[in-house]
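These notes are about the structure you will find just below.
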Amino acid sequence: MTQTHISESQIPNPNELEKAEEEEYDYFDYFYDEPGSEPGTLNIEPDAQPSRIVLIDYDADHAVRKVDVIPKALTPYLGTNTISWMDVQGLGSETILKQVGEIFKLHPLLLEDIVNVPQRPKVEDYNEQLMMIVQMVRSTENDEGFESEQVSFVLGRKYLLTFQEEEIEDCFDIVRERIKGNQGKVRQGGPDYLMYLLLDSIIDGYFPVLEAYGDRIEDLEDELVIKPKTSNLEEIYTVRRELLALRRAIWPLRNVTNILVRGESDLISADVQIYFRDCYDHVIQLLDIVETYRELASSLMDVYLSSMSNKMNEVMQVLTVMSTIFIPLTFLAGLYGMNFKYMPELEGKWSYFVLLGVMLLIAGGLSYFFWRRGWFEPFYSLKKD
Amino acid sequence: MTQTHISESQIPNPNELEKAEEEEYDYFDYFYDEPGSEPGTLNIEPDAQPSRIVLIDYDADHAVRKVDVIPKALTPYLGTNTISWMDVQGLGSETILKQVGEIFKLHPLLLEDIVNVPQRPKVEDYNEQLMMIVQMVRSTENDEGFESEQVSFVLGRKYLLTFQEEEIEDCFDIVRERIKGNQGKVRQGGPDYLMYLLLDSIIDGYFPVLEAYGDRIEDLEDELVIKPKTSNLEEIYTVRRELLALRRAIWPLRNVTNILVRGESDLISADVQIYFRDCYDHVIQLLDIVETYRELASSLMDVYLSSMSNKMNEVMQVLTVMSTIFIPLTFLAGLYGMNFKYMPELEGKWSYFVLLGVMLLIAGGLSYFFWRRGWFEPFYSLKKD
Amino acid sequence: MTQTHISESQIPNPNELEKAEEEEYDYFDYFYDEPGSEPGTLNIEPDAQPSRIVLIDYDADHAVRKVDVIPKALTPYLGTNTISWMDVQGLGSETILKQVGEIFKLHPLLLEDIVNVPQRPKVEDYNEQLMMIVQMVRSTENDEGFESEQVSFVLGRKYLLTFQEEEIEDCFDIVRERIKGNQGKVRQGGPDYLMYLLLDSIIDGYFPVLEAYGDRIEDLEDELVIKPKTSNLEEIYTVRRELLALRRAIWPLRNVTNILVRGESDLISADVQIYFRDCYDHVIQLLDIVETYRELASSLMDVYLSSMSNKMNEVMQVLTVMSTIFIPLTFLAGLYGMNFKYMPELEGKWSYFVLLGVMLLIAGGLSYFFWRRGWFEPFYSLKKD
Amino acid sequence: MTQTHISESQIPNPNELEKAEEEEYDYFDYFYDEPGSEPGTLNIEPDAQPSRIVLIDYDADHAVRKVDVIPKALTPYLGTNTISWMDVQGLGSETILKQVGEIFKLHPLLLEDIVNVPQRPKVEDYNEQLMMIVQMVRSTENDEGFESEQVSFVLGRKYLLTFQEEEIEDCFDIVRERIKGNQGKVRQGGPDYLMYLLLDSIIDGYFPVLEAYGDRIEDLEDELVIKPKTSNLEEIYTVRRELLALRRAIWPLRNVTNILVRGESDLISADVQIYFRDCYDHVIQLLDIVETYRELASSLMDVYLSSMSNKMNEVMQVLTVMSTIFIPLTFLAGLYGMNFKYMPELEGKWSYFVLLGVMLLIAGGLSYFFWRRGWFEPFYSLKKD
Amino acid sequence: MTQTHISESQIPNPNELEKAEEEEYDYFDYFYDEPGSEPGTLNIEPDAQPSRIVLIDYDADHAVRKVDVIPKALTPYLGTNTISWMDVQGLGSETILKQVGEIFKLHPLLLEDIVNVPQRPKVEDYNEQLMMIVQMVRSTENDEGFESEQVSFVLGRKYLLTFQEEEIEDCFDIVRERIKGNQGKVRQGGPDYLMYLLLDSIIDGYFPVLEAYGDRIEDLEDELVIKPKTSNLEEIYTVRRELLALRRAIWPLRNVTNILVRGESDLISADVQIYFRDCYDHVIQLLDIVETYRELASSLMDVYLSSMSNKMNEVMQVLTVMSTIFIPLTFLAGLYGMNFKYMPELEGKWSYFVLLGVMLLIAGGLSYFFWRRGWFEPFYSLKKD
């Protein structure tokens, strides 16, 4: 697991917060070598899980599953006619990874890409092997942000080698169950069909993650129009940033699936090619969705600005109405509070009442003026909230 | 029918509103499989209509229409030389759909795309069959938003198989009438010409929907310049979102019609290709329109912001003019309201009147200043409203 | 003529205004068939002009012009070796149009595109005929907005058939004069050269229309910086909308001329191809201009917003300066207007004058503060206006 | 010379200003024919300079320069083996231009493009001649805006024909000097190498013009952040407009040089092609720069708006702080200025001083509140300016 | 080193500041020749470092390093079978550079591009030599901005010639160490593998520079939402400008590496091509990152504007709440401060207290009104800061 996104509402202590913030920007921030370092260097991350190998060997008639296999024990399976799926879980044990690399004759650069996560999704054809790297995503538990994990495939003639960052319960389990229970066509297919099944489940995993963003955008829009808050601003920004990250993971998938559809490698049979066409369609749909959400998220900022402008207008109207009505009245009161010796009005018996009448007239006139302009609306609209 | 858009003005009760809001964002939110699910799984939506099959069998001389045909009864029509149009209405009956799939030997992935709506419009060539998926749209009754329905075509040598989400009165009825009444060239053409007629009526159905958005944008612009309201903000956003959804449905249509024009499949005769060229032209025109409206809708947000800014300017001018004129007068009144023992001015016989004169001069001078700047305009403009 | 744009300044009565507004959005709003209608249906608009045919028959040696020719009378000219230009003016007479269609063996879809205006500009090759549809534009008399008219060409081996919406005096007259007077090379050229001459004059007609928008943008910018008004907002929006419409007419012209330059049809001779290259260059120049104006018009909105913001700043500065200077003075005056029995300052002989001095000091200090900040500018700048 | 841009600061008299404004928008506003005019018409502008021809004839051993050559005198040089550079300066003499056209057998459309300036840069291949049109730019003397001049090249087997709008001292002089002094490789090269030299110097001439815009943008940004003014708004708009014009001149240059690099014409030798590759690189660099500046200029508008918003915030803070502190104090003063008969506080010996204390407390409390919020900043920041 | 970016916080004296500002805009401002200057002219910058040559000659068995070699001493190494890496450090000595040019038979334009820095990254194939120009970047010490240096490669059959602007400790040292210590595969590889190693370390050097911008954007966003300042505005602008500069350097790298991957030159062996594929992947990742950061930086401006708008709203709310509550009270106080002879209320024993009660009611009512609207929030939120 490369990232953990921790929402504001469930932060347990400052240290964890620190860590969370450090990681916040890490969505697919590609791994890079120290400038000048030897090509092919494996950078084992300190917090990487130790590697363990799970082997599933099957054909139409049988299926065997072995856990915690040592690399050397894989050699016999390379020559057999059965399909072997070797799943390396955890990228923390350099020795195991290097041994696997030697047994399967992996190019040093290939092994480097598998271990130094995350890499940009890609397919590379090494004649007898087809290497594919993709990013798997899943929603975090609190439904804010998402987690990602790099999954690397090495497809051989009779085997499929996969590398995962974590030993976690995921959508691969369903495929394992299907092999075990001989459900569907998986046991009839080759390693290419198995790779399709795994890739398909990874791609399908993007949909619920994206849908969660659709819901957040919808919620945000409702909030923004009714009652914009500063925290909305931050959330719009976060949604935009995370959609950018998702887009960065999905765009290269388009290329990856397209290469598989064109079927330039003979490791993929014509039958399975049609299935990869289905993957390609799904990736295009993902791109459609991510671009739509990006546009909506971007126009949310306009909505926010306009909504703030609205709110300020209301504040100003209240101030202006109150000030403008009372300003002339206060002036008149001040006028007759002056201490001049000779002010004829002060002596009149009804002067005070006449002045009160004049004040009422002025206040009424101005109120009518503002009422006609609709500037009393902010006073009424209070009750609605 | 995939969506119902309910306008604010005619909301009957909170429950329905809830439902409407839930659905609001659903415009072409593509269907996706549960990650890890078996490829080819049919997901029957709980509210899907039960399927029924309407068969129209015709050639230049005769035309027969049969309603509620059972799938098995379709088999004889596959071998005949007459054109058979099998229209499956409603996607709710898994058994019927699977039987149809078996009779017509549909690829499991093809059947999955037909049933798990909505899918992105596409054409796929299965040698003996040409599959096309498109989205049909129609305006809702209250002219706000639109409804969409997926229509899937499977074109064979002598038959056309169509799948619709609903059994509803639509533009296909006109084609049915034309077959019945032997109007136009439909009875002389093959299933490819029939597919053209149906596709053409689907594409033509987009025009009035788009035109309604043109009208809404025009109305909005008029309102915004004269009297911007908060609800406009929401409507602009809604128009933008719905235009995005329409664009998402029309863009792939371009590709779909282009493939048909190039006529790579021999199921489409050269004569009919020219007709598909017409479809292609119409799709390009739709794209022209949708892009234009999107640009206009996007510039409406600018107009809104500018209009709000205008309004605030007016409010501020009123406040500033009133405050600034009375502030020095009120000060002067306060000054001569002080109770100092020795204030020579207070004793003068004409002091009071002199002061009144001075106040008049100040008020006049400031008024002239503001009049020259045009800041009295908001006071006049009231009358216009 | 498809549109009439009526400027605000010369609106004669409300009814006409209504009509103008109805039409305002019609710039190239493509014609569309009723969904489900028979392909090839001619939709004669109720206000379309009755059709009349003008025939000009010429070769290097002679030139004949016949007005109000009936369709049948055209047949003899199809077989001759002279160049025949048949100009159908007005699209209101279905019988005439259908007869012309039969005589020239026009494809029903072709005739539909000619009659159901407006269509998107395009070229289509029907082997023995080359069909081209373009939009001709001209400025309205009041120089606001523009009018458009669809011109359709059908180029044959020895004839050119043109369709215009109106019988109006236009740039084609100059070409007619040139044929009559045997000026230039027109009588030496074939119908392809004639088509070039007409297309060239249509394309050249876009330049003055676009130039008028350049002038309006320039005027708007001058106004906006000096004295922004609400009506400017509306005008910017209108200019943007109309430029969008023009762009929609010019973009497909690029494709149209490019097809003619590539000369895939043998109806266009190599000599004339070079001339079409000139047309292509002009269309590219038009696109250059329209895109530049669109960018300028779009940045005008920014200028407007900034200008409004400027204006509000000035208003606020006036309010703030006046309020802030008098607020402490008014407080002091109020303080010594209190009626406490024991207020030692009130008794002093010079107290009043000391206070006045203090007030002067405060007012002076604050004024200096504001002067240093430049907030007095809005007071000076009045005189400039 | 097509344009003169006159800065605001050095306007001598209203008439010139008028002229300057008229021309302001003319940057590369392409020349267009009167709609319907005869193709090949030469439009001599009334203020065009009379044409004169300067001939330079050279080979490795000798170099001759003749001024004010009459067109007929050019004929003998067409047949020789020496390189002849005919430079036509000024496009005002129709006779001379037509004679040149006849001698060199220029296509009428080619001559039209040369004379009717400005045209979009382009290369056209007429088999025995290669025609190239480009725009030369130079900064105006006051470093605001730029001037442009069209330079047309006709490259033949043994000659180079150039057309310039003006007889002015320009970068071509350096090339002339080099031919005269036999510096560099110019005398060893053919007319293609000469064309490269001239094109290279034209392209290099864009760099200082663009750099001046870089400086203006930098200056503007500094001003905007410190002290935004209304005139900045106008200048940003002008810079954006002029960069748009430059981009319009440079984009087609990319195509022009690319065609020369691909060397499809045999008039350009392989050796010289490598040199044109250098031109192409420079054009790409120009595009890089112009796009960068356009982005920067566009983000300047955001900076302006934000800066205005900043300024308004400061104004509002000053008003709010002053008003809010004094409003309760003034109320209290007013309260004890009332003339009720029974107001117990008025009688107390220390009442006045107690009230003063209360007022101090209130003022202090509010001041602390505002100080904590940082709203006193605008008061301090004055001193910095 | 081409640029030095000096942060505001550590400016030592005005002169240096001047210099820094002069250079500020220089990021990759391409070098250009004086218009009209002779092609192939070497422009030695006055502050360029004197050139010195470091030679490393090696094969699998031995490795020799010579410092300050004179150009002529390089000749013998051209004929040997060992790999020779000639590293020219500093571009200040014209004689040395020209001698190197002669010995290696460099094309004058090639030498010009190497010396006249900076140039746009590119690859050019001169048959027996492959020339590549790239820009190396490193963060400045204060982590604001970055420095760049042009590195030029000339790859021959058995040698690699490199040109650097400076003799500085950089990532090349690690490669030198590896040759010296015979680590990795470098001594087994040819000059093409050496070029890959150097290019790889240059590309990897972009990652930490970009990452620093990611951090700055993150910091900016945090600041903007909490407490926007004017200096943020400037910093956003700077970040955008510098990201534009980086993008300008990385985009052509994509083309450069792509050409190397396609391996059109036979100077690059098939084995090493796979390694260049790795470089290409890294460049694509860089582009991904730079585009993401550019989008984020651009949306920061929106955040800034919105945040300013927020702040102003708060200021206005404070002013409005305070003014509106006290305005009617002050009016009432003024009313009973009038000096009319006949004001019945003044005589009442409890009048004063009744009035105080009324005032309390008014203040309470208005406060409740504002509290309901949430306009008291800015008063609370102070404490949070």
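The chains carry the letters A, B, C, D and E, assigned in the order they are written, with residues numbered from 1 in each.
What we mean here is this: a residue touches a chain if its C-beta (ideal position, glycine included) is under 8 Å from a C-beta of that chain, and two chains touch if they have at least 3 such contacts.
Computed from a predicted structure; not experimentally measured.
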### Query
In the chain contact graph, what is the shortest path length, in steps, from chain A to chain C?
2
### Task
In steps of 5 degrees, what rotation angle do you get fitting chain A onto chain D on the CA atoms?
145
### Task
State, to the nearest whole Å, the distance from the C-alpha centre of chain C to the C-alpha centre of chain D.
26
### Query
What is the distance, in whole Å, between the centres of chain B and chain E, each centre taken as the mean of its C-alpha atoms?
43
### Task
Going through chain D residue by residue, note those that touch at least 2 other chains and give them in order.
305, 309, 312, 316, 319, 323, 330, 334, 337-339, 343
### Query
Following the ring of touching chains from chain A through chain E, in what sequence do all chains appear?
A, E, D, C, B
### In the complex with chain B, residue positions of chain A that touch it
171-175, 178, 183-184, 196-197, 200-202, 204-205, 207-208, 211, 214-215, 218, 221, 225, 274-275, 277-278, 281-282, 284-285, 288-289, 292, 295-296, 299, 302-303, 305-307, 309-310, 312-313, 316-317, 319-320, 323-324, 327-328, 330-331, 334-335, 337-343, 369, 372-373, 375
### Message
Quick check on the complex: what are the chain C residues that touch chain B?
### Response
24-25, 29-30, 32-39, 107, 109, 119-120, 122, 124, 230, 233-234, 237, 240-241, 244-245, 248, 298, 301, 304-305, 308-309, 311-312, 315-316, 318-319, 322-323, 326, 329-330, 333-334, 336-339, 343, 345-352, 355, 379, 382, 385
